[in-house]
Amino acid sequence: MSKSKAHRVGVIMNGVTGRMGTNQHLMRSVSAIIKQGGVKVSETERIMPDPVLVGRNELKLRKLSEISGVEKISTDLDSLLKDPAYTIYFDAQTTERRTEAVKKAIAAGKHIYCEKPTATNSREAMELFKLAKAAKLKNGVVQDKLWLPGFIKLKTLVETGFFGRILAIRGEFGYWVFDGKPVPAQRPSWNYRKQDGGSMILDMFPHWRYVLDNVFGKVKAVSCVATTHIPKRIDEEGKPYKCTADDAAFAMFELEGGVFASFNSSWSVRVRRDDLLNIQVDGTHGSAVAGLRQVYIQPLAATPKPIWNPDAEDLTDYYKDWTLMPDTIEYDNAFKVQWELFLKHVVCNTPFRWTLEEGAKGVQLAEKAMESWKKKAWVKV
Amino acid sequence: MSKSKAHRVGVIMNGVTGRMGTNQHLMRSVSAIIKQGGVKVSETERIMPDPVLVGRNELKLRKLSEISGVEKISTDLDSLLKDPAYTIYFDAQTTERRTEAVKKAIAAGKHIYCEKPTATNSREAMELFKLAKAAKLKNGVVQDKLWLPGFIKLKTLVETGFFGRILAIRGEFGYWVFDGKPVPAQRPSWNYRKQDGGSMILDMFPHWRYVLDNVFGKVKAVSCVATTHIPKRIDEEGKPYKCTADDAAFAMFELEGGVFASFNSSWSVRVRRDDLLNIQVDGTHGSAVAGLRQVYIQPLAATPKPIWNPDAEDLTDYYKDWTLMPDTIEYDNAFKVQWELFLKHVVCNTPFRWTLEEGAKGVQLAEKAMESWKKKAWVKV
Amino acid sequence: MSKSKAHRVGVIMNGVTGRMGTNQHLMRSVSAIIKQGGVKVSETERIMPDPVLVGRNELKLRKLSEISGVEKISTDLDSLLKDPAYTIYFDAQTTERRTEAVKKAIAAGKHIYCEKPTATNSREAMELFKLAKAAKLKNGVVQDKLWLPGFIKLKTLVETGFFGRILAIRGEFGYWVFDGKPVPAQRPSWNYRKQDGGSMILDMFPHWRYVLDNVFGKVKAVSCVATTHIPKRIDEEGKPYKCTADDAAFAMFELEGGVFASFNSSWSVRVRRDDLLNIQVDGTHGSAVAGLRQVYIQPLAATPKPIWNPDAEDLTDYYKDWTLMPDTIEYDNAFKVQWELFLKHVVCNTPFRWTLEEGAKGVQLAEKAMESWKKKAWVKV
Amino acid sequence: MSKSKAHRVGVIMNGVTGRMGTNQHLMRSVSAIIKQGGVKVSETERIMPDPVLVGRNELKLRKLSEISGVEKISTDLDSLLKDPAYTIYFDAQTTERRTEAVKKAIAAGKHIYCEKPTATNSREAMELFKLAKAAKLKNGVVQDKLWLPGFIKLKTLVETGFFGRILAIRGEFGYWVFDGKPVPAQRPSWNYRKQDGGSMILDMFPHWRYVLDNVFGKVKAVSCVATTHIPKRIDEEGKPYKCTADDAAFAMFELEGGVFASFNSSWSVRVRRDDLLNIQVDGTHGSAVAGLRQVYIQPLAATPKPIWNPDAEDLTDYYKDWTLMPDTIEYDNAFKVQWELFLKHVVCNTPFRWTLEEGAKGVQLAEKAMESWKKKAWVKV
C-alpha cells in the first residue's frame, strides 16, 4: 500500500491502560491497523490512524507506548481536546468516568467512539447521543460481538433462510469465577461491587441487546430476576470484600414477532457446553448452536426422531447429528473490524449504524431488566 | 418367595389400554410384580396384587389380557367398585375422565392410586385429596421420575452435601416432534389440542413440581410464558389439524431459600445435550448435569478456570472436566418401584408421601404457570 | 389381528423358483404378510393373501412349499387361471416368458402384478397395459427401489424443499463382477448374453426411469453409449462363453425443467463410493448422496469453500462435512411394501400408480437408450 | 551450481500481474528457478532466465518487482520485442489479448511459451502454431496438470501395465463456488460471463484434452451438454450480475480403442470424494482413483466381491479395499517443471511435445463440445 494516498486521522485514545483497552483497542486494533499500512479505502487511498495515548498514570502510558509502538502519550486530555490535529475521541475508561469525558469531547467537536456501557443509566446514554447528533458529530459504540465468527455465521444462517421460521432462542453465558481463596479470581473485584459499576446485568445485557436486535429481531420486552450467588470474595490484594452486585441473571426476552429468547448469565456456573457463550436457535427448518467462533447446525433433514422412554436406557449420542459449520471467509479481530468501519465512516462517510443511540439501547435494556427484577413482572422495552 | 405368606390385594386397573397404562403400569409394574412373586415385605410375608383390567373396548382388553397374562377383564366398572375383593382403584384414563371415576371409587371405599394430572384443575384435584382423606383412604399419585436413576443420583448428591450451597438450577426438556409430513409424528395428536387435554404446561409442570419439591426445595413462585410453535400438524390418520395447545413453555421457578430454577420445555427443539431431559445444578462446592439415567458431576476441585477471551480461538473441551457418576445400586423400573411402595403402604401402612395432595400441587403449578403467562408477571404458588 | 375380518385374496405366483422370486416375493413379501396376520386395512379388517406356487419343476416347488409354508403348488397354470378362487396373477418368470403368460392371465380376468421388465420391447409392454385396462383389471409392476430407505429419504428431501432448486443429478451404479476364472462370477451368465435377455441397459434403465420420474421429474430425453467391457466369461458350469450383451452403459438424461442426470452403470467398475448405487443430487440449498439405505447430506450452511490450488497439497477431508441422515421411520422390505399396496389396491381400491403403463415406460427408456447409442445422438422419450 | 557456465535467456513475461501469472509463472517458476541458480543442464552448464515483467499498470509491476526480486519492468511491449536480448516471449494475459500479442512476438522472431487457451477459437489457435512453425520458432503451451503428482502417478500406472486393458474412465471435477451473498465467491466474476471469456467448457476442456491425449489415448469424439446452474451472482464489488457462461458441463469422450470417458465438470457441486478433481480408471487388472496429488489403487487381487442385495443393510466399507499409492519421487511445482523443460528445449534443443499445436487441440475440443451441445449429438474430433 506504500504508494497510495494516506488520510491521516488523529485519534485521542483515553483509558487504554485497562485490559480491554490495551489488548483489544490498542494492540489488536489501532496498532495492528498502523502495522498493516492503514485501512484500504480503494486502490489509491487509505486511512492511517495517528493515535495519542491518554491516561492518568504516566508510567503506565510509557510502558504502553513501548509495547505498542505508539509514540505520543499525554496525561492532559483538555489540551488534546483543543488540538485540531485530533478528530476522533475514543473512550475506554470505566463507565463512571466515561459520560463526562465524552460530553467534553463532543463540546470540543470531536467524533466519538467509545466502549459500552456508554453511561450508567439510559437517560445519560441517550443524552450523549443527542448531544453528538446536535453537534453533527459522527459517533459509535463498540459492539464487538457482532463481528465474532460465531455471530457472523448465525447472521449468515438467518439471511440464507436456514432456520425457516425461527421459533425460539436459548442463551447460556458464563463460567465459574473463583472467589479468590485459595484459587485467585480470574475477573477484577470491581465486577462484583455495585458501587464500582459492577453487575452482570449492566455488563452483559448491552451485549444481548445488540446481538438480538441485529441478528434476530428487536427486543420488545424483558423479564428478569438476578441474584448474588457468592456474597463474599477475595480481592486482588487478598482481602475479603462484600459482593454488592448481581453476579447471575435469569432473563427472558420477547422479540418482535413473538419469538422468546431465554438467557441465563452467570459467573457461578460450571460449563457443560461447547463454549462460554452458547446460543441455540431453533427454527422450523433447522437449528444452530453457536459459540463465539464455532457453530454447529442440524437441518430438518438431519434431525433425529427421539422417542421419550424414560424406562429404557437411552444410548443415543445427541451430539453426533450436528455438523460443524465450515469457515467460508477469513475472520479478522472483531474489535479491529469495527475500528476500520468507524474510521471509514469518519473519513469516507460510509454507513455505520452502531451509534451512541444503539449504545443507549443497551444501557436501557439493562435498566429495564433491573426494573423487571424489582417488579417481578415483564417490562416493555 | 414361594413359601412366604401372600397378602392378596385386589386392584381395579382402569384405563390401561393406553400406551403408558399398558407398558408402564400393567406390563412393567403389576405384571412384573406378579411374575417376580409379589412384593417382598419380610422373609415370611409378601404382597400379591390381583388385578382386573377395566376398559370400554372388550376387544382391546382381551388382547391386553393375552399379552399380560392377567386373566380378569371387565367393562363394568360399577360392579367392580361394589366388589369387596378389590381394595385399590387405579386410574390411567385420560384426565377428563379421571376425576369422576376417582370420586366414585372413593365413595365406594377404595384406596386410590392414579396417574397425573389427577384433574384438569387444582380445585378438583384438591377436592379428590380431601374426599379421600375424609374417607380415611390411602391415596397416591404416580410421580415416576423420582425413581429414575438420574433423579435418585441427584437426590444422593443433595443429601451427601456434594453441591455445598445450591445456587441455581437449569432444566432443559424436549426434543423435535415431527409435524407428520412427510415424517410421521412420534407423539399422539391430542397432545397438541387444548380441547383434548393437550398442553406442554399441563403435561410437564406437574413433573417439575414434584421433582423440584422433592429434590431441591418447595416451589414458591413461578414466571412463565408459553407459545404454540407449530400451528398445524398432521394427525394419525394423515389429516391436518389445528394445534390449539401450547407446545413450548419457558419458565423460571423460585424455590424456598431464594434459589432460581430456569426450565425450558419444548417439543420443537433440537437436542444438543446429553439427554432429552437435562437438569444442571450448580452449587458452591460442585455442579451436576443429570439426564434421566446418567449424571455428570464436577466438584469444585475439578472446576477449570476459563478465561473470557472472545478474540482467541478457544480450543478448550468443556466436556472433558466432567465425570460420569457410577451406578452404585440397581435401578428397577421407576413405575414399578412406586407401585411396590404404594402396595406396601396399603398393606403394611408404611409411609407414602406422594399423595393426592402432592398430585394436586402439580396441577396447581400448571395453573399458576398459565396465570403467570396471562398476567406476564411472577405468581406465588 | 385375530378378531378382525379377513379378506381372502387368491394369488397365483408364477416363476418364484428364481432367486428374486423366492427371496423377495415369496419369503420376504407374501409369506411374511401371511405370518404377520395379513395386511391391516382398519381396526376391524385385513387382507389375507392365499397363494399358490406355480412353476415347471415340481421338485423345486415342493422345496419352496416347505421353506415358505405355502402349501398349494401347481405345474398347471392353465387350470389355475380358470379357477375363480384366484383373483391375482403374479409373474416373476424370465422376461421372454412373461408377456405371453400375462396376456393369458388378462384374458382369464385376473388382476396383474409382475416383475420388470414387463416385456422385451415397449410395444409389447404397452400392449399389456392396454389389454389390462380394456379388461378393467387392476395391474402393477414391481418398482421396489422406490421403497428402499435411500429413495424414501431422497423423496423426503425433495418434498421438504431441502435442495432448494435442484441443479443436477449424478448416478453411479455397479461393481466388479468377476469373469469366472479363477473367481466364480457373482451374477448369472445369461446377464451377459443378449440372446438370453441379458443387457445392462435392459436390466437397469427401467429402474432409472421410475426412480427419476417419481423422485425428481419426468425423463424427457436420453443420450447413451454402451459397451461390452469383458468379451468372454466363464459360466456356471465352468465353460467359457461369448458375452454378447452390453455390460456397461454411460448415459445422460434430461428431465423436465432442464435438469441433467448423468448415470454410469457398469459391472466392470471397482467401487470407491458409499454404496453399490450412489445418487448425488445437488441443489442451490443443499446436496445429498444417497445409497440404497443411507443418505449423506450437506446443506448450504455446511458447505465448505474449497480453493482450487493444484500447487499445494490439499489435506482437506471432503467427507467430513457430510451428515448421515437419521432414520425417522421404520423401513419395511421394499418388495413387501409394494405387495401390501397392491393388495389394498385390489381389495379396497386405494390408489396405485405403478401400473403396467409405468412398467412400459421403463422398457421404453431402455429402447430409447439403445437407439441413442446406435445413432450417437440424444433421443427424445 | 555457482561454478558452471550459465546460458542467459531473456524472457519477456507479459500479463503476470494476474493471479496465475504472479503465483505460478513468476513466483513459483521463473523466480524460483533464478533462486535455485538456474536450470541445470549438465555438471558444467546451466540455463539462467533473465526476465522482464511487462504489463499496463506500472504500479502493479513495481509491486511485483518488489516481491519477486525481478528488477526489470516495462509497459512498452513493442520496444522489448525489438530487443534481441530477449529470445522468449511468454504470455499469461486474458485469452482475448493473447492471440494478437503472440502474433507480434512471432513476427519479431521470439520463441513462444504461453498459457492456455491459446486463442478463443481453434482456427486462430492453429494459425498461431502454423505461424510459429513457419518461422521455425520453438513454441509451447502450459499444460501444467501433466506434472501434477496425481497424473504422473496415473501415467506410471499406465506405463507399467497396472490396469491391464483399460475399460473406462470417469472424471469428476468441481466444487461449490459461492454466489457472493452472503459468502463471497472464491472465483473471479468474469468466469461466469461469456462476453468476458468465461465458460466451464472453455476453461476446463483444454485440460481434459491434454490429460486424456497424453495419459490414456487420443480423443476421437465428444458428446456434451452444458448449463448455467446459477443465473445470477454477486461480483467483486458486491453488485449482482447476470451469468451468461456455462458453469457446468456433462461430457462423454470416446478415446482411440473405443474407451469411453465420462466427465462431469461443475462449479455448483458439493464434494463427496477424495479431491476436487477425481479421475477413476478401471481396467481388467486394476483400478485407480486419482486426485491432484494422491492416487488410490485396487488391483484385481484386492478387488472385493460385492453382492447386490438391496434388501439387506450393507455395512461394507467400500473405501477400505483401496491402497494409497506411495510417493516414490519428489514432485516439483508442475508449472516450474514445464518451464524448465521449455528452457532446455530452447537452449539445448531437447524434445518438447506440448506445442502450440497441442494447445490448439485443447481449444478445438472445447469447440467440438459446444458444437455437440448445440446439435445434441456426438461430434468427431
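Read from first to last, the chains carry the letters A, B, C and D; within each, the first residue is number 1.
To be clear about the criterion, contacts are C-beta pairs under 8 Å (C-beta built on N, C-alpha and C of every residue); 3 or more make two chains touch, one makes a residue touch a chain.
Here the structure is a predicted model, which means the values were calculated and not measured.
For the pairs C-D and B-C, the larger set of C-beta contacts lies at C-D. Of all chains, the one whose Cα centroid sits at the greatest distance from that of chain C is A. For the pair chain B and chain D, the distance between C-alpha centroids works out to 68 Å. Mean C-alpha positions place chain C and chain D at a centre distance of 42 Å.
Centroid to centroid, with C-alpha atoms defining each point, chain B and chain C lie 48 Å apart.
Each of residues 156, 160, 286, 298, 303-305, 322, 328-329 in chain C touches at least two other chains. Here the touching chains pair up as A-B, A-C, A-D, B-C, C-D.
Residue ranges on chain C touching chain D, taken from their complex, read 23-24, 28, 144-145, 148, 167-168, 170, 172, 175-176, 178, 183, 186-187, 221, 223, 225, 227, 229-230, 248, 250, 252, 254, 258, 260, 262, 264, 266, 268-277, 280, 282, 284, 286-287, 289, 291-293, 296, 298, 303-308, 310-311, 313-314, 318-319, 322, 333-335, 375-378. Taken in their complex, chain C has these residues touching chain A: 156-157, 160, 162, 285-286, 288, 297-305, 321-329. Per the touch definition, chain B reaches chain C in the complex via residues 59, 62, 178, 182-184.
The touching residues of chain A, counted against chain D in their complex, run 3, 155-156, 159-160, 328-329.
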